[in-house]
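Two complexes, one shared chain (chain A), two partners (chain B, chain C).
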Partner chain A sequence: MDRALQQGDPPIAERPPREREGWLALPLALFFLFFFLAPLGLLAGISLRVTPQLEGLGLVQYAKFAGDAFNWSVLGQTLLLGVKTVAVTACIGVPLGLLFMDAPRRWQPILLFIIVLPLLTSVVVRTFAWIVILGREGLLNNLLTGLGLVAAPVRLLHTELGLVIALAQIEMPLMLLPLISVMSRLDPNLRDASAALGAGRWRTLFRVTLPLSLPGLVAGCLLVFASSVTAFVSQTIIGGGRMVLMPFYLWQQATTLFNWPFAATIGMVLLVSVLAVVTTLNALGRRSRALVHG
Partner chain B sequence: MARPAGAGDVSYRVVLGLLSLVALLILVTPVVVVLVTSFTDSRSLRFPPPALSLRWYRSLFDPVQSAQIHAAAWNSLVVAASSTAISVVLGTAAALAIARRRTWWSQALDGLFMSPLVLPTLAFGLAALMFFSTLGLPLSIPLMIVGHVAIVVPFILRTTIASLSQLDRGLLDTSASLGAGPFYTFRRVTLPIIRPGILAGAFIAFMASLDNVSVSLFLAGPETDVLPIRMWSMLESTLDVRTAAVSGVLIFTTALLVVVMDRVVGLTRRIS
Partner chain C sequence: MATPEITRRALLAGGAVLATTTLLPRAAAAAGRVVAPAYPGPWEEAYRAVVLPALKKTADVDTVLTPLLSLDQVAKVRASRATPPLDVFMLDPGPAVVAIEDGLIDKFEPGRCKNIAHLQKAFYDDWGVSVAAQIVGIAYNPKKVDRPKGWKDLFEPKYYGKVGISGFGTTFGTSSLIEISKLYGGSLTNVDPAFEVLKKWLPHVGVIAQNPVAVNTLFQQGQMDVTYTNYQTVSTLKGRGVDIEFVKPETGPIAFYTTLHVVKSAANKDNAYKFIDTVLSTEVQAALQKPPYGLLSVNKNVPLQPDMPPEIVKSHAELASFVHHDWRQINPKRAAWIERFNKEIRQ
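== the complex of A and B ==
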C-alpha cells in the first residue's frame, strides 16, 4: 500500500468500491429497457385502445372490466387462490422448516433435496402427477374407498381444493428456502434460554422462533403468492374449465378472441394487483426485519 | 433438561410432527407417482397401474409417432442453452457492477433485474407477443430466446451477487497493486472464486427456461413449439399417457444433472 501511495495513486481506502465496473451493468440495463420495459409499456398502451382493431384512446377497457361483476369475481378468485396457497404452504412449511433445523446434520442434505425436489421437476410433470393422484381412479380416491371412508369416488380434480393442494406442493420450495435460510441463522441459545425461563415449546415457538423467522416467512409468502396466481398450467389442468382465473382469462382473450386491448387490460389489472400485494408484503417484511434487528 | 415433558410439549411434538409428515408426503408422493405411472401398461391414468410395461417409453422414443414431441424437445434445449448462455454473460457483468454497491442507481437496477421473479410473468409473455408483432417480427426461436433471457437472468444475478459478497476485496487490491490489469484480475482472481455461484445460477436458469410456460405460451407457434407447451396441450386435450414417459425421462435426466452439479459446485447448498 505504501508503494502505491508513493507512486501517486489515490489511497485504496478512499477509492469508491470498484468505481470502474459500474458500466458493466449497462448491457443488461439496455436489454431490460428494450425487451422488458418497452413490451410492458406497450402492454399499458394497448390496454388504453378502444377497439380490438387498436383504434381510439381512452379508459374504455378498464371501464368495461370494472363494470362487469364477472370480472371482479375472476380477479377475486385469483387473488384468493394465492392467499389460500400461501396459507397452506405456511402451515405445513413452517413445521417442516423446524424439523429441518432440529434434524441431525447428516440428514439435512437429504431433507434439503426433498424440499427442492419440486423445483427440479418440470411444472407439467408436477401437474401431471396431481392428475394421477386426484383423479376419479387416482391414488387418493382408491385410498379413500379402500379404507371405506367414502362410498363413491369424490370429485377432487377440477375443484379449488384439489388445485390448492397441488399448488401447495408445487410452490413449497419457494416458501421453505427463504424460511430455512433465516431459521438457520437463529441463535439456538435463544430457544434454550426461553425453555430455561420456563416457557413451554408452544410459547417458545410463537414468542421467540416465529417472530425471529418473520423476514424469511414474509419472503416465502411473497414468492408463493406471486407464483401461484400466475400458475397457468396447474390452474387450467387441475382447476379445469369450470374455474376461470385471470391467467386463463387473459390467454383466452388474447389468443382465441384476439381482443388485444381487453387482454392487455386483464394483464395490467393482474400486474398492478400482484404488485400491490408484493409491495405491501415487502413493507411488512422490512418492518419485521427492523423488529428483529433492532 | 430436567424439566418433565408436559402436555404442551407432547402436543407440540405431535402437531408439528404430523404437519411435517404431511409436508414431506406432499413433496415426495407426486414424483414417485409419476415415475410409477410412466411404466403403466394401461391407456388410463389408473393408480396403481394394473400392469407394468415400457410401451409408453417405446412410443415416446419412436421417431415417427412422437416426431412433434422430439421437435419440441429439441427447440426447448436450444432455447434453454442459448438463453442461459446470454444470461450468464449479461448477468455476471451486471452482478460485478451491482454487488456491494449502495448507490441509488444500483439499488434501482437490482430491483428492476429481480422484478421478473415476483411479477406475473404471464403479463410479460403477452406483452412480448404484442411487442414483437407490433414490430412486425414473425414468431421465431431467437425471439423466444430473448423472451426467456428476461425471465431467467434474475437466477444468475442472485447466485453471482451472493458469491461476490463473499469475495475478499483485499485480493483484488493485491492483484492490482502487483500490476495486474482489471481484465487479468477478473480472469485469474474474481472468476475462479465466483465460478461456482455462476454455475449454480446457470443451472437454475437452464431449468427455468426449459420449464417456462408463461412466456413460451405466447411465443410458441407451429415452428417454435417447446416441450412444456406441447405437454400442456397433450394433457389438456387427451390426457396422453406419453406425458408420463416424458416426465419420467425429465426426472431421470434432472436427477443425473443435479448429482453432477452437486459434485461440481455444491448445488443444493447454493440454492438455499
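== the complex of A and C ==
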C-alpha cells in the first residue's frame, strides 16, 4: 500500500509551486470556455440578428426592446421582485444569524441543518408545496378564516406578495450561509470590549456586530438577488399568468413565438441588469471590508 | 486494517469507468429504441401504461417517453435540426402547421404502418396521422358551483373569482377564446371582442394560468371551480376522485385531432414508424379510449361507445359536427394575440 508513496513523485515541497497550480485551473477554464463563454457568445450573436429567421445584423432587437414601455416595466418589475426578496430575506436572516451566533455549540449543527433544508428539496416539490399553502383553500387561508381574522379567503397565490413570501423561503439559505460564516468568525471579545467601554446591547449591535457582518450580508444579498430574479419555475407557477417577468417573457419568445433574436436580447438585457446590480453590491462589499479592516 | 489509499492510477481507472458508464448505454440501446414525446399529465400516463408495453411486446423497441407540450417539442427540434432530440412529434393542430411550414417534419409514408388500414382516409395526410380526438368544453366543480351552460357564463357575476383561464399560448386557450369572441361578434381571425370581455372581467378574475398542466393542479387545489379544458382531462381527474364534470357549451364543443409525425433527420426512423403503428393498432386504441384515459379512438374497429358517455359524443359523425378551427388561418395571428394578452392581462 505504501509503494506509491515510496516510489512516487518527489515530495511536494521540492516542486516549484506556482507552475503546477496554474495547470490545476485548466480543466475549469476549459469547462467555462466551452460550456459558458461560447454559448454566451452565441447568445449575444443571435441577439444581433434582425429577423426571427436569423437574417441580417444590427441592433434592431435592442431598439425594439428599448422602444416599448411594456418591456421596461417587465424589467423593472423583475428587478424590484429581486429587491423585495432581498429585503425580506435580510430582515429575517440577520436576526436568525445573531441567534445562531449565540446558540449553544451543540445546537448549531441542528440549526444549520434546518437552514439548508430548503436546498435539499427539489424546486418543483417546493413550488407545488407553496400552491398548497397559499391557495384559496390552502393552509394559510384555512388558518386565517378559522381564526376569524378574515371573512373570505385572501388572494395570495398568483400575487406578488405570495411570490415574495415563497421566494424568501426558497432563497433563505443563500442569505444565511454567507452571513453565518462571517458572523460566527467574529471575535466574541469585541462585544465584551464594547460592553466594557459602556455601550448598550443595541449600540454594540449597530456599531460593532452589524458593521463587521456586512461582508457576509452583502454576499448573501448578491446571491439572493441573482437567484430570485431568475427563478423561472417559482415565478411562473406561484406568480401565475398575470405576472410577466423577464424569465417567463424570454421563455415565451423562445418557445411559443420562436422569436430567438428577441428572446436572446431579453436574456442579454437581464444579464447586464443583474451584473450591474451585482457590481454595485460588490463595490459596497469592498467598501464595507475597508470599513472593517481600515 | 489500513485505510484504503487512493492512488493516481486507481483514480484514473475509476474516472474512466464512470465516463464509460455515462457514454455507453446510449450506444448499446440505440438498435432498439425510439424517443417519443407525450403531453405531460394524463397523456403521458396513458402512453406509459398502454403504448410502451405494447411496442416492447410487438417490436422489442424501448421507448424513451419525454413529457413535452407541442410547442416545446417544436422548439427543441428547431434548436437542433441536424440531430433532433426526438424521433416522433405529438402535436396539436396549431404547432403541427408551424412544424410543417418550418420543414421539421418528414413526409409521412402510410404504407409503413399496417394499421393505417383501420383508419378513415381523412385521418392521415402527407405529413402525419391523427391518433386521438380531443373535445374542448367547460369543466366545473358540481359541489361548489351551478352547471354553466355556455362560454358566456364564464363571465357571469355568479362565477366571479371562480373561473380560471389560460391565454393564447395554449391550444385550449386559443380555441376557447376564439369561440368566446364569436359570441360577441368576432370571428376565427378577430378576437378583439374576447379582449373587450376579458378586460371588463379582469377585476373578478379567478386564475390566469400559464399552461394547461398548471390548470389541472389549480383545479384540484380548489383554486378555481370553472375552466375550459378537454374531456380527457376531466375524465382523468374524475378517475382520481376530483369533483369535476364536463359541459358541452350550448354553441357546440370544439374538436381537434392530435397528430403523430416522423421528425426530419430522426435517428430512429424505422422505430418511429413502429411507434406510430403501435399507437394506431386496434388493441392500443381501445385501451387508450377506456376510462380513465378517455383518448377518443380514430380506429374504425373501436367504436366511441360505450367508453364515451352518450351525452358527450355518440359517434364520429357527431364528432365531425363539433366546432373545428382552421389553424392555418389562426397561426399568423397568434403571435400578436399572445403579446396583446401579455400587455392587457398583466397586473
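The definition used in the following text is that the second predicted complex is superposed on the first by the 275 of 294 C-alpha atoms of A that agree within 3 Å, B and C clash if a C-alpha of one lies under 4 Å from a C-alpha of the other, contacts with A are read in each partner's own complex, and residues count from 1 in each chain.
We take it that contacts are C-beta pairs under 8 Å (C-beta built on N, C-alpha and C of every residue); 3 or more make two chains touch, one makes a residue touch a chain.
Computed from a predicted model, the values in this text were never measured in an experiment.
With both complexes brought onto chain A, simultaneous placement of chain B and chain C is prevented by a clash.
Once the two complexes are overlaid on the shared chain, A:150 sits clear of chain B and of chain C alike.
Within the superposed three-chain model, A:87 lies out of touch with both chain B and chain C [touch as defined at top].
Applying the stated contact rule after C-alpha superposition, one finds that A:233 touches chain B and leaves chain C untouched. In the superposed model, A:95 lies in contact with chain B only, and not with chain C.
Of the two partner chains placed around the shared chain by superposition, neither chain B nor chain C is touched by A:283.
Of the two partner chains placed around the shared chain by superposition, neither chain B nor chain C is touched by A:57. Shared-chain residue A:128: touches chain B and chain C both.
In the superposed model, A:255 lies in contact with both chain B and chain C.
If you count the residues of chain A touched by chain B and by chain C, you find the higher number for B. By the touch criterion defined above, A:137 lies against chain B and chain C together after alignment on the C-alpha atoms of chain A. The interface of chain A with chain B overlaps its interface with chain C at residues 1, 4, 128, 131-132, 135, 137-138, 236-237, 254-255.
Only residues 1, 3-4, 12, 17-18, 20-29, 31-32, 35-40, 42-43, 46, 91-96, 98-99, 109, 112-133, 135, 137-139, 142, 165, 168-169, 172, 177, 180-181, 195, 200-203, 205, 222-223, 226, 229-230, 232-233, 236-237, 246-247, 250-251, 254-255, 260, 263-264, 267-268, 270-271, 274-275, 278 of chain A touch chain B when the two sit together in their complex.
Interface residues of chain C, counted against chain A in their complex, comprise 2, 5, 7-8, 71-72, 74-75, 78, 98, 166-167, 169, 205, 207-210, 214, 217-218, 221-223, 335, 338-339, 342-343, 345-347.
Every residue of chain A that touches chain C in the complex is listed here, in rising order: 1, 4, 70, 128, 131-132, 135-138, 157-160, 236-237, 240-244, 248-249, 252, 254-259. Residue ranges of chain B in contact with chain A, taken from their complex: 1, 3, 6, 8-9, 11-13, 15-17, 19-20, 22-24, 26-31, 33-34, 37, 44-48, 89-91, 93-94, 96-98, 100-101, 106, 109, 112-113, 116-124, 126-131, 134, 146-147, 149-150, 153, 169, 172-173, 177, 182, 204, 207, 210-211, 213-214, 217-218, 227-228, 231-232, 235-236, 239, 243-244, 246-247, 250-251, 254-255, 258, 268, 271-272.
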